[in-house]
Amino acid sequence: MTTVGEIRAANPRMTCRQVNVYYGDKHAIKNVSIDIGRNEVLAMIGPSGCGKSTFLRCLNRMNDTIEGCRVTGTITLDGQDIYDPDLDVVLLRAQVGMVFQKPNPFPKSIYDNIAYGPKIHGLARTRSELDQIVETSLQKAGLWDEVKDRLKHPGTGLSGGQQQRLCIARAIAVSPEVILMDEPCSALDPIATARIEDLIHELREQYTIVIVTHSMQQAARVSQRTAFFHMGDLIEVGPTDRIFTRPRHSLTEDYITGRFG
Amino acid sequence: MTTVGEIRAANPRMTCRQVNVYYGDKHAIKNVSIDIGRNEVLAMIGPSGCGKSTFLRCLNRMNDTIEGCRVTGTITLDGQDIYDPDLDVVLLRAQVGMVFQKPNPFPKSIYDNIAYGPKIHGLARTRSELDQIVETSLQKAGLWDEVKDRLKHPGTGLSGGQQQRLCIARAIAVSPEVILMDEPCSALDPIATARIEDLIHELREQYTIVIVTHSMQQAARVSQRTAFFHMGDLIEVGPTDRIFTRPRHSLTEDYITGRFG
Amino acid sequence: ATARDYISIVGSSTVYPFSTTVAEHFGKTTPFKTPKVESTGSGGGFKLFCAGVGVQHPDITNASRAIKPSEKQTCAQNGVREIVQVKIGYDGIVLAQSKKVPAMHLSRRDIFLALAKEVPDPSGAEKTVPNPYKTWKDVNPQLPDVKIEVLGPPPTSGTRDAFLELAMQGGAKSFKWLKELKKKDKKLFKKIAHTLREDGAYIDAGENDNLIVQKLEANPNALGIFGFSYLDQNADKIQGAFVDGVEPTFENISAQKYPLSRPLFFYVKKAHVGTIPGIQEYIAEFTSEKAWGPEGYLADKGLIPLPDEERSKMREVARKLEVMPME
Amino acid sequence: MTIGVLWIPLVLLAATSYLLGRKRAVQAASTGVRLHSRPTYYGTYVALWCLLPAVGVAALWIALEPWVLTHLIVRDLPDSYRHLPPDRLGLVLNDVKNLATGAMVSGEPDAALRAAADHYRSLRSLGASAMVVACFSLALLGLFWSIRRVRADFRARNQVERVIRGFLILSATLAVFTTVGIVLSVLFEALRFFRAVPPWEFFFGLQWSPQMAIRADQVGSSGAFGMIPVFTGTMLISAIAMGLAVPVGLFSAIYLSEYASRAVRAVVKPLLEILAGVPTVVYGFFAALTVGPTIRHMGEWLGLEVASESALAAGLVMGIMIIPFISSLSDDVINAVPQDLRDGSLALGATRSETIRQVVLPAALPGIMGGVLLGVSRAIGETMIVVMAAGLSANLTMNPLQAVTTVTVQIVTLLVGDQEFDSPKTLAAFALGLVLFLVTLVLNVISLAVVRRYREQYE
Amino acid sequence: MESHSGIAAVVKKTLNRRYRAERRFRRIGLAAVAVGLLFLAVLFTAIVSKGYTAFQQTHVLLDVYVDPDVVHVGNLDSADYQGLIKASLRELFPDVKGHRDKRNLYKLVSSGAGSILRQKVLEDTSLIGRRIQIWVPADDDVDMVIKGHVDRSLPESQRRLNNKSLAWVDALKEQGRLEKRWNLTFFTAGDSREPELAGIWGATVGSFYTLLITLSLSFPLGTAAAVYLEEFAPRNRWTDLLEVNINNLAAVPSIVFGLLGLAVFLNFFGLPRSSPLVGGLVLTLMTLPTIIIAGRAALQSVPPSIRDAALAVGASKMQAVFHHVLPLALPGMLTGTIIGMARALGETAPLLMVGMVAFIVDIPRGFTDAATALPVQIFLWADSPERAFVEKTSAAIMVLLGFLILMNGAAVFLRNRYERRW
């Protein structure tokens, strides 16, 4: 089916064309085309199981790790096909960071959780540079004050919300260009959520952000553009304020007004 | 510290008095006293790590499973001390059901996930009674239409949101008297959330529900009373509309107005 | 304990092949059950045998050496007072080497000089010095110029005991002053004669003789010490060194010409005869001419028979169940 | 045998009581009262009460029967037999039993024995019938007693679970009994050894040469019982073995679980596991005949002095044997690391090897340590390989090209040899066994503490 | 990549190095697997190349006249059948004279030939008085020559068969009376002192009974212990002690378990020596720790959320464990049990101590009959002087490995079906 609205962005950082994703026989994403603009926040909404997470994982090829998952179509980052066999997936993932739905801190200290990315990529020359990166990232994720006295404690000892913020801080620490967030706030309380939302606003200056969310309010607050998925189809995409005020597709409207299902 | 507001309920199903919880040396819940009224929905809100989950797990003694977790004070269900050594904890948990933050379906079929509780409690005499229970529970959780054709498929193959609804259906299937929900909607999209919220409304007729949520809107929509926790203290408790409109404690007000932290 | 209607035999691994052969024949040709034969080593055999009288204890033990006084004592303490000792034949102790090299001609003196830890001072003084010999040529200029390397049984083995008494002690006695020493200070003499080198020239090689055979094949310079039957079975790969000019052959050993041979025995608990079915018949089978005679099936298995006279004497002992003296 | 057929009615009875208990529970519930437990639990409860006492009695009877029967028969034997010493009497009884069961007997039994055999036969059948009666009475008693307790509020599940729990605890405690058994069966002989050889000489002596004079007229060689060289040998060979097995095993596990395709993994993993099952005797041959000479030749070629029974050969082959232990157990723990963690690392732009080295392996470390530990234990305790390949000379050396001996080799040769059992030579085996036991105990306590510290850090 | 700004530029600098590390790591892994497989291949080649010949046995075709004077209805059981065989050999080589030569001639066929003839006659008494053709096994020395394990060009004194015997063998061969046939005896017979009559069936049955005891005790006990320690045991001194204990037992050399069995089962409880019962009990104690440790690891890998889920619907701890945790952990426990059983199947040392290293001809018929086990049989044969036992030893190893592979195969199949990643 064809997508309603403008799939193109003025200054695209990533472009997706005719993307299909299969899990074995299951056709999870159907012919989706969309651009992701520079310095914009793109929100992806849709009912549970519609394929938001799946599509997100295509964008930094994290679905490579799922056995039986197959992707067709083209996705480019800055004009470069990311499914090109020559492309370096490590580089891609350093450029396109990701925060997951379930918090997944490493079984290491809080410090090491954050320092891990910078270390492997050689982003810090000295110990104090690394300390600096760790501190900044934790501050941006709004976790610094809570954990600054126990940086050597294991990250897995934090509460759910704290863990998720730790994961966000970890993703930021590598200073990626695009950040993919899969329901990053689903385990967070409103205060932490608000801080993350602020952070997203801040990050937008430099970065491109794609966020999957189950909260339309959140989508409305943080994003410039919104894409609505339904059963693997990209139904509608457009400027966030327009989507939430004047949806064009009836499915979108039903969903937004809560009549859905 | 003393809790602001009325901790007593007119017709209490559960009463908690001077409850303290320790994880080893960590004092996670401090001297909390609160009643949970019959046929009411009590919402528990508060910033991440404040002890909401911990307190909730006290109510059906799920914290027994955490090594080093120690509870003092009294909690009663229908007048019976649930920490009485003579009390049968299995019976207690059949009466006080629970839905967790992270969906945790059994690695069994969808059908078996739901049927497990009724089976061990002998709630169904015949196969068709069991089928009936499974169907009703799934319907109440708003999952029936999506899975009715694949009841024999594994529950772990569902998407996050579907899995959580499966867990809710599983809890409902044993028709408990009290249902504890720990951020049950944190992995759900708005439609599923709305359905669960409707369900909570419905269930309130028969059951007592305690729900932990990170969403003040949700608390406002579903609950009659709201309890606000902060760093292990129960700061304030009272009728939901009053809490959200005229909070008495400054911390509560700060939290609700988003000035917190 | 449950009832037992078969004979239980334990003991030496050297006698094991002979004992089992007899047991198999006995089982096939008589109405009795085939005896159970365990290979526990002579020492282990005596330990079990002397533990007492009763169904749970073995009836017969095999040994590659005579019972020792302390073992008799144990037996007596445990109520095993009537023991019949039957000598069944000889086992030659051979020093074998690979076929790839010419056979060595050794004297017991050579053996002693090559393997003792302390040897008489080469200068002729009547004292011992730590063994200085590295090659066989050092020991005796007529021997080849190869490193001394002997794979032999470990200190726990009966074969080793016999080797020390026969070869080493014999070699030591070829020195006059040592022979005299034996009369004066037996202890010191034995210390000299019975102490093997520990510098790698003598290698403790475990109890698996087949393994030694194969190691010899791989290493033509080495000599191995083991029982005659292994030489007999592997005559195409290994050869026995001449000792004092005598080749270890069946004929030479049975004619008592070969100096290194030891007697083999089995011991019967007389108290069990008459209650455990078949013991006497088993002894009769073992001591029958078709088993242990020069033409018997045991000779085929490598047992060197007793001289005719001794054989008939032993048969009488066995038939009459003559108890050996317990001191 | 009567005992054999006894089970069938007993099991049937238990099944019946299960059904009865269930039915009664259902009836109790039909009055509208809520049952405490599922009806099956009431059934199981009744069945357990029916079965366990009866089985207990049967077991007791089986254990005591020979003793009781013997006693009874002996009482009725003529005096000439009765006053025999106990071991002689045992032989007579053997005859009686052989007679009674119609097995072959030796010689012509006399009338008294025949009578005794008949007596024995009748006593046996009498005893068996008595036992059957007792069993069934108890079973029925248990059944009636327990079924009367079945009421709606009766906590049948808790009772049944208590029995299961008892069984679980018993199983876990078995390990302690085993240890006590081992210690006891080794300790006394070891103490006797220490009476002959002073402990300090044993523990700190640098010479091992168990050739003590064992007869008055025999002179041993050095006759030294210093265990240091023996233990050094054990450690040297174990170190070589682990030096091969840990890297090979761990890296195979990593390769198989993280890189190899499903098909390769499905084929290779079981193949490697075969290595674990090859009997150690076979490895012994392999070490002694193939690896040993090869290493020796290579050494000669390099101009090195290599003993034909070098520690290297035994250690390498032992390492081969341990590879699958390490790889199989590491593989399991690596698989147990949640995929979440891998995703987290990969999403940061880590390469696969970085993910493995820095995220997966640290998370799996306690488990891997456990596997390595098991491997070390096997190496230290392995017997047959070293018996065949390591030699017996107790050199105090760290040179892997020389021959060394190990504790297990010494135990085997000392015990299977043909010396008297009471000589210090053989008793030394028990002392070695005891020390070996203690050493592994200390090793284990230390490494358990390490594992636990890691585990705490990651949980 | 076009844009070299920001992170990409920095990362790119290190990328080559990192990929080299990646490739190195991967290659190391591959090499490790290859090393393991190489060892396996070398081992198997060594064993098979030595042992495969044992599956054939040289047989001799004899024309036997079942002389009614020797065999008649009265002495069917105890007649001198070997005498008939000897007679037929004399007929084949009528010129052989002299006592010594005759003896050598008789030695061409196995001493078990008589009992084969006896069996035939017992089955069909009408053979008495007739002349029958019968294949009987040749002596092991002949077998070795035919199989080329003995160099015929060696001087006579260095061979077990002298020149005359060799000539007879050649003559028989020429007449088509000598043939290598499938060695059924090897699979159906018990032990024997004569290599050509020896078989592994007795030891196999012994191993079977032993392992049956071991498996039926150690699997339930091990699982129960693992479940208790992992799921129910409180953390205290006592359970710490248990844990240390179990880990320690896993490290105790197997021979020490033999000593324990000797002291406890044989001397204290008075159980029958050399019986599969005692062997099985000893091996049970030996394998238990392995099974318990593996079982605990498997239980640990089941996520706690599963337990929570079950408890929260009102399952008792016991139900949660037995309905959910245990089934999920079972594949892992199976792995541990296989490893334990494989070890038990190949174990020799402890069995030596409880008297299973015995010469036993009769096939055991129960748990208390005297028996040996396969590895012990291998150990015994390996130390036998007779040359023909060399190939028998390797062949027995092949059979043992065959069982092992079968066991592993079945378990791997089960495990693959249930393996999962959390």
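Just so it is clear, A, B, C, D and E label the chains in written order, and each chain counts residues from 1 on its own.
Simple rule for what comes next: a contact is a pair of C-beta atoms (placed from the backbone, for glycine too) under 8 Å apart; a residue touches a chain by one contact, two chains touch by 3 or more.
Just so we're clear, the structure is a prediction, and the values are computed from it rather than from any experiment.
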Innermost chain by mean C-alpha position: D
Between D-E and C-D, the pair joined by more C-beta contacts: D-E
Reference chain B; chain at largest CA-centroid distance: C
Euclidean distance of C-alpha centroids - chain B vs chain C, Å: 83
Interchain centroid distance [CA atoms averaged], chain A/chain B, Å: 30
Chain A and chain D: spacing of chain centres that average the CA atoms, whole Å: 54
Junction residues of chain B, two or more chains touched: 90-91, 102, 120-121
Where chain D touches two or more other chains, by residue: 157, 285, 338-339, 349, 351, 354, 415-416
Sequence positions of chain E contacting 2 or more other chains: 11, 18-19, 303, 316, 382
In contact (per the touch rule at the top): chain pairs: A-B, A-D, A-E, B-D, B-E, C-D, C-E, D-E
Chain E residues touching chain D - in the complex, by the definition given at the top: 11, 18-19, 21-22, 25-26, 28-33, 35-37, 39-40, 42-43, 46-47, 220-222, 224-225, 227-229, 232-233, 241-257, 259-260, 262-264, 285, 288-290, 292-294, 297-298, 300-301, 303, 316, 318, 332, 335, 338-339, 342-343, 345-349, 352-353, 375, 378-379, 382, 397, 400-401, 404-405, 407-409, 412, 416, 419, 421-422
Interface residues, chain B side, partner chain D - complex: 88, 90-91, 120-122
In the complex, chain D residues that touch chain C: 66, 85, 87-88, 90-92, 94-95, 97-98, 101, 103-107, 209-211, 215, 217-222, 285, 288-289, 293, 307-309, 387-388, 391-393, 403, 405, 409, 413-423, 425-426
Parts of chain B lying in touch with chain E, wherever the complex brings them together: 60, 62, 65, 67, 89-91, 93-95, 97-100, 102, 104-107, 116-117, 120-121, 167, 170-171, 173-174, 176
Residue ranges of chain D in contact with chain A within the complex: 262, 338-351, 354, 358-359, 362-363, 457-459
